[in-house]
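Input: one structure, supplied below.
The letters A, B, C and D name the chains in turn, as written, and every chain counts its residues from 1.
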Amino acid sequence: MKNKKATSNWEKRLNLPSNWKERLHEIIYEADTPMGKWFDISLFIIIIISVILVMLESVEGIDVKYHSILLTLEWIITIFFTIEYVARIVCIGKPFKYIFSFYGIIDFVSTIPLYLSYLLAGSQALLALRALRLLRVFRILKLVRFLGEASQLTRALKASRAKISVFLYVVFILAVILGTLMYLIEGSVQNTGFTSIPTSIYWTIVTLTTVGYGDIAPQTILGQMIATVVMLLGYGIIAVPTGIVTMEFGKQETKKPKLGEQHFVHVNTQSCPNCSFEGHRDDADYCYNCGSEL
Amino acid sequence: MKNKKATSNWEKRLNLPSNWKERLHEIIYEADTPMGKWFDISLFIIIIISVILVMLESVEGIDVKYHSILLTLEWIITIFFTIEYVARIVCIGKPFKYIFSFYGIIDFVSTIPLYLSYLLAGSQALLALRALRLLRVFRILKLVRFLGEASQLTRALKASRAKISVFLYVVFILAVILGTLMYLIEGSVQNTGFTSIPTSIYWTIVTLTTVGYGDIAPQTILGQMIATVVMLLGYGIIAVPTGIVTMEFGKQETKKPKLGEQHFVHVNTQSCPNCSFEGHRDDADYCYNCGSEL
Amino acid sequence: MKNKKATSNWEKRLNLPSNWKERLHEIIYEADTPMGKWFDISLFIIIIISVILVMLESVEGIDVKYHSILLTLEWIITIFFTIEYVARIVCIGKPFKYIFSFYGIIDFVSTIPLYLSYLLAGSQALLALRALRLLRVFRILKLVRFLGEASQLTRALKASRAKISVFLYVVFILAVILGTLMYLIEGSVQNTGFTSIPTSIYWTIVTLTTVGYGDIAPQTILGQMIATVVMLLGYGIIAVPTGIVTMEFGKQETKKPKLGEQHFVHVNTQSCPNCSFEGHRDDADYCYNCGSEL
Amino acid sequence: MKNKKATSNWEKRLNLPSNWKERLHEIIYEADTPMGKWFDISLFIIIIISVILVMLESVEGIDVKYHSILLTLEWIITIFFTIEYVARIVCIGKPFKYIFSFYGIIDFVSTIPLYLSYLLAGSQALLALRALRLLRVFRILKLVRFLGEASQLTRALKASRAKISVFLYVVFILAVILGTLMYLIEGSVQNTGFTSIPTSIYWTIVTLTTVGYGDIAPQTILGQMIATVVMLLGYGIIAVPTGIVTMEFGKQETKKPKLGEQHFVHVNTQSCPNCSFEGHRDDADYCYNCGSEL
């Protein structure tokens, strides 16, 4: 199937000059052909390098020493991403659908900060937006098995959404009530850090979740006693989300055999050249969404 | 059913002037009519605003800058809550039942602090009681699905109450014994923070629950070795409440289909105008508690 | 059964003066008669007061202010416990069995520290041994339901003992290897706290168990990267004991109905006056261990 | 079987002088004969002592005081391990297979550091490599039951590997995005510790895993609000690995009876004298890997 298609593309290339859009689409958006795979792997490496560059720039010592090298590399990557972004728009059938899609926005936002930093004064802070490039990695990771596992996790989490909302709401109410109580008890003592109710609520959540920074800690006996209750509460109620998720996983597991294996078909990494929908069957010849030829 | 009732109320209003109590009851205590829904949503927003105000007041910088604005807003809200409180008493059949009910006390306690702060010297501390207004939100959140989830959680926790008590008791005994031991070892060393047995017990619970503030930390090798044991204990026994709750959830889950759907009926948000009991069936015409017409 | 026995004891008391041992045994060791219950409740309260006294003594401010009151109360309690200890030895058939039993040793060790502090110089530290009195509470808490829950927990923990040992061993090896690694990386940097391998291992366990005091924290980039790995490891492997215990609980649960209710008989709180064995059936007339009359 | 074999070895020893290799192999590599057991126990004790020595050396106070004693003991142990290493090479059929095996490398690396510290300047840091000796303990612990439990744990972890990878990847992406966000918010504030993106990511992982050192903590209200979200996220998603592992344990458990007991045979601790493969059946006469006589 794949080989046949690859050959037919090859044939088309020899005949029609207007075919370059289709070929570009196959390289950029798909991972079935050798070129497509090679492009995806290169993009993956460049994204990782680019994210590491953003991080290194933020380290003062490194930025001072290697500023010009980092800037040059950053310009190379930004230009590469700009070309890629333009190519993605050009070779797709419905460019606006791409531009306003989740990945379209991510691509745009993570490409422009360097340009903006020259155009607008004080937009240096936006440079950190380039860290969003990491999200682009998700698009490349079209590994079927990986996604299968992820979707199972996601389904279990979605099924327990209502229960988790109730749980978070109760935790939040608890934090507000207990935080206010701690402010009343410790607020008057000097240097304890319980300077306001929001700070006390922050401390309560730090304690309930068993994080425990220690930047704020109760000093009075009564405050320490209530802190003890908060800790034991936090230690105990961590069981609730765990119990919920474990149960959901159990249910997902027992559901699987009932569904029957025939309900699953193997999908490939092709995306429609017209509407960019993904998840086509291996034996599909037409897009299941817009009906244009794949 | 609802429409018919709404119409009949409308008819009554045109005929009888003494009917305002009944209408007021429907607006304040129920969420079936458009007015009732509108009232509940407004109340919800006012409560949230009021709680945020209480928090902002406690932040020194904000209180100094915007004291008069915050005080004015607080007076508006307090007067609104006072009117609401009086209305709730007036329009209900058995006012004392409301006044001494859980929400009646919450309503009263969260309304009076501002008055008290003028009447009594030194009652400024009571202003924080207004944070209890947050509890009022629970009354408004009569969302059936939400409560269904919550009640399932509550049932699972209630069923495992005895086991959790044993667990907490063992944790407490462990904390006392290990805390005393740590006091013996670290108490004589200067500046470790293990100044008394209660403080050492506090440290033990901080460590057992894996919170770990770091305000108190062992300095001697022996102390650190015992601290290591305490940590591993805490790391291990967190499995116990989790195991208990997960098992209970599992049981609740398998019980559900056995109960049969016919045991559940849909209840609405009406409350009896006479005795304020809630949870009436959709097709109920009389209160299941006192028999008065709904 | 109980009533009949109580009456027969009453009759015996009228007849035989040598019977006081038997009566004393019934009061001290059992909780079936009103006197026995009253004794147990009093003892429970005295133990709790005595443990609180030990704690308060260790708080410097309180000890300075109320030293004489605390000492007087402590003497009263110590004398009471001494009388009780002697009475326990006198009224039992096999005193040595009691003296060298777990509770016999606890009773002795938690009674003598005050005497020792006068006899031996420098034995003040032993005063904290009195905190062991708390363990005596377990003897009094012969509540059947409570113990039933506890024994279920204990059985589940015992069944997963081997798995938990493997787990703790792996955690310990991980801590030694990672601790040594951190010492190599951070040891040469000043003021990081990684001053020796044992301290680094201590830090690793503090981090693996997600306690995180913060008294020792990595400063180098490499150290922080390994710390990140340690944290994620700790965050992940907490799932292992939880999974083990949850599974064991599940097994205990499914086992229960298979055992059949007829395997359980109701045991009372009587203990044999001769050998002090406990757990006799309600309808037992002779000790199941030594055969002497109950 | 064992007795017969032991006798046959004994007979061989009387006859053939070249037999010492075979006997040495039996002592060093196996634990079936009394000599083999005795050797393993001695080795176990020496390894534990040696690891404790390495730790003590790193404690400055102890190293200064007892330097010569520690060095002498270290030399004794190093020489013992050198002899053992040579003996292991000599008595095995295929020495290179051992030398480049996992344990062969561990044995070599944990033996040479003391020699190197005299030969090479600045190789003192390598002395800590001796802590790897602890890994050798695993070879000795050929306790069947222990390994059975471990392998069950390992299987459960392996089965949930894909899910755990997805989970760790999501945690990592979350840490990068949230860390960058915190750097943007807190980076400009002085003395908060959010000095660079890598440090902020480090802080995010410290918080997500509920470790919470407190060396870096947000100071702004916005920073504390996002920190709260990070904590609740961490508190919630700890449920995911727990749920995964619990479910896997459950599956392992239900699988066991289906496999049938006949699939398991008892393996002994013998290793092939030629190729050093382990896990031979009790009734095996030839190595299942290379076919040479056991």
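One rule holds for everything that comes next: a residue touches a chain if its C-beta (ideal position, glycine included) is under 8 Å from a C-beta of that chain, and two chains touch if they have at least 3 such contacts.
Computed from a prediction, not measured in an experiment: that's the story for all the values here.
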(message) Given that chain A and chain D are copies and touch, would you call their interface same or different according to whether over half of its residue numbers are shared?
(response) different
(message) Per the definition at the top, count C-beta pairs in contact and tell me whether C-D or A-C has more.
(response) C-D
(message) Only C-alpha atoms count here: how many degrees separate chain A from chain B in terms of the superposing rotation, rounded to the nearest 5?
(response) 90
(message) Measuring centre to centre with CA averages, how many angstrom lie between chain C and chain D?
(response) 35
(message) Measuring centre to centre with CA averages, how many angstrom lie between chain A and chain C?
(response) 49
(message) Going by the contact rule already set, what residues in chain A reach two or more other chains?
(response) 198, 210-214, 234, 238, 242, 244, 246, 250
(message) Give the list of chain C residues in touch with chain A in this complex.
(response) 210-214, 242, 246
(message) Quick check on the complex: what are the chain A residues that touch chain B?
(response) 162-163, 165-167, 170, 173, 176-177, 180, 183-184, 187, 195-198, 201, 207, 210-214, 217, 221, 224, 227-228, 231-232, 234-236, 238-240, 242-244, 246-247, 250-251
(request) Under the touch definition given earlier, write down the residues of chain A that touch chain D in their complex. (result) 51, 54-55, 58-60, 125, 128, 131-132, 134-135, 137-138, 145-146, 149-150, 152-153, 156-157, 164, 168, 171, 198-199, 202, 205-206, 208-215, 234, 238, 241-242, 244-246, 248-250, 253
